[in-house]
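These notes open a run of structures that come right after.
Here subunit A shows up in two complexes: once beside subunit B, once beside subunit C.
Presenting the complex of A and B:
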């Protein structure tokens, strides 16, 4: 299942520059707001669902080579964060849904922890 | 665009903070590349006294969609396919080019950036623009196709440059002969500077990839350095230093600071143990997993600390034969493309 399908199914808004999301296939999912847990638990090419929206999430996603970050509950994302994400090639997706709802929908679409 | 909104960056050019967030490499190139770098210089030109019928043949034979019209040296108009269509529908192909060409001349200067040409295309809804030099002399033509081609070439060049950098760096260890070669990188980490958090780790990761490290090794080092970097930002009195020593067979990473020191080192390594403030925890740090993560991801971790004096964290990743820097790439070279 590619990222474009996920974005369409969940109605996610892309905050970073557009790319061909049909070529990106997230292989797993991880949800946490604690960065060190993400460092330990998220797999590369995975999706990360979080409420955190500050600059440091970009470093995590770049280091782990995540396929995208889904920022939940419309958490405020500063322009500097989006800029950094674009520089590092990180995709930021936003949604008004809660982390619980997003994870539930991703699971229903067939995405698993690994 | 008020001046207080402006920030200077990207080779001195002015970017407003409104658009800074949306800047891509393509847009950056649109500012960096000059019109004269991408324009067509090999011009097919027409004269005002040519017949529209001849123009039709010219455009058809050369497979172009328009041409500048010159009277002697002077640019007097532009004739495009649309003008030809107008002449054709009026059954007026025997008319002079002068009758149908666009005489209101919109030109751009060769030394201006591509953005200027793009703006002009949009503003005047034209598909091609004559390019002049500083004396107003025609030096070329630019179309949207030229811009696309120019940007694609520049991106390809970026990519090749990165490949060359990577290639050169990966030969460093072979080119330098000594009994023990070490590349040392040092980073100063400031206390409380969360905005720069992750910079050292991403720089180190990139350097390792260029030096020929496998993606897995670069990733493990990146994660270890990130945790160490955030510890220096969050927990130290004055920040600290990260030193990375890269050798063909091992990578030694050291994070050191001058205080406040850790009271109980064994406890600090326990997963979930944290002394972080609530403020820091709200940002998602202080899970108490940092040192535990490092311990899991590196091959050897040594943590020494003296209360009131400082802490030293030493992390080592050993490189297996197939991961080693220098020698592994030497093997690949002899099998694949020959270097010399």
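Presenting the complex of A and C:
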């Protein structure tokens, strides 16, 4: 299942530069708001679901080469964060849904932890 | 008694997020130009540049307290300030045993330089410093205080790594002596925004990652520039006092 399908199914808003999301296939999912846990637990090419929206999430996503970050509950994302994400090639997706709801929908679509 | 203008939250080039200008001679010079007479060096989970800044400040009239900005298991940043370098280094040994064995990626997080008193390169710290230790905030309070140190939760109003966001509330079990708010919130306004801060001494820290970020808005009336005296002042005891003194952050350095 590619990222464009996930974005359509969940109604996610892309905050960063557009690209051909049909060519990106997230292979796993991970949810946590503690960056140290994400660093240890999230897998490369995975989707990360969090309500953290500060600058440090970009470094984590770039380090782990995540397919995208889904920022939940409409957490405020500063322009500097979006700019950094674009520089690092990180995709930021936003939703008013809670992390619980997003994870439930991703699971229903067939995405798993690994 | 003397009046100290203090900035208790200063990073050096050892912190990956600090600018390259944060070297000992410039840290000292900038503080003095802003009439700041006491600073604490607080790098992320590390302390290898403290002695160099102290050496750079020797004889200048600037007091440099040994410190660290520790990241707890809960991803809360706390300042750990000590009276002596020996105390800090003993605490560093504890921290080193509780840091993950991960390597820093300078391209993503920034360089971590250990330098001498002139600011000359000695080595890189290759560990990932910008991450959580496995020390809980409860353990940090207990151990740092037992070692003679002072724990001040840093920028408690910030969403990233702030105590209120990550832990939700202030535990009555902590032997809390002071709290720091960020440059974005005046201590006088902090209690209105976060009523649970009421009753605690609140300092405002510059969280200085570049020279222009010095604030120096904490004023201490003390008998000597020491941590023991700052403690008394925070408690407003024995004739010592602490007050938020805005205005210093508007002082332009005289260059």
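In this section, the second predicted complex is superposed on the first by the 114 of 114 C-alpha atoms of A that agree within 3 Å, B and C clash if a C-alpha of one lies under 4 Å from a C-alpha of the other, contacts with A are read in each partner's own complex, and residues count from 1 in each chain.
Just so we're on the same page, a contact is a pair of C-beta atoms (placed from the backbone, for glycine too) under 8 Å apart; a residue touches a chain by one contact, two chains touch by 3 or more.
A quick note: this is a predicted structure, and the numbers were derived from the prediction, not measured.
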Fit-or-clash call for subunit B and subunit C when the two complexes are aligned on subunit A: clash
Contacts of A:6 with subunit B and subunit C, given as first, second, both or neither: neither
Subunit B versus subunit C as contact partner of A:59, first or second or both or neither: both
Contact breadth on subunit A, by residue count: subunit C or subunit B: B
Contacts of A:35 with subunit B and subunit C, given as first, second, both or neither: both
Touched partner set for A:94, first subunit B, second subunit C, both or neither: neither
First (subunit B), second (subunit C), both or neither touched by A:44: first
Where subunit A meets both subunit C and subunit B, residue numbers: 34-36, 39-40, 52, 54-56, 59, 62-63, 88
Subunit A to subunit C touching residues, read off their complex: 34-36, 39-40, 52-56, 59, 62-63, 88
Residue numbers on subunit C that touch subunit A, as the complex places them: 71, 74-75, 100, 102, 105, 108-109, 130-132, 159-160, 166
Subunit A residues touching subunit B - in the complex, by the definition given at the top: 17, 33-37, 39-40, 44, 50, 52, 54-60, 62-65, 79-80, 82-83, 86, 88
Subunit B residues touching subunit A - in the complex, by the definition given at the top: 17, 20-24, 194-195, 197-199, 201-202, 205, 219, 222-223, 226-227, 230, 283-285, 287-290, 292-293, 296
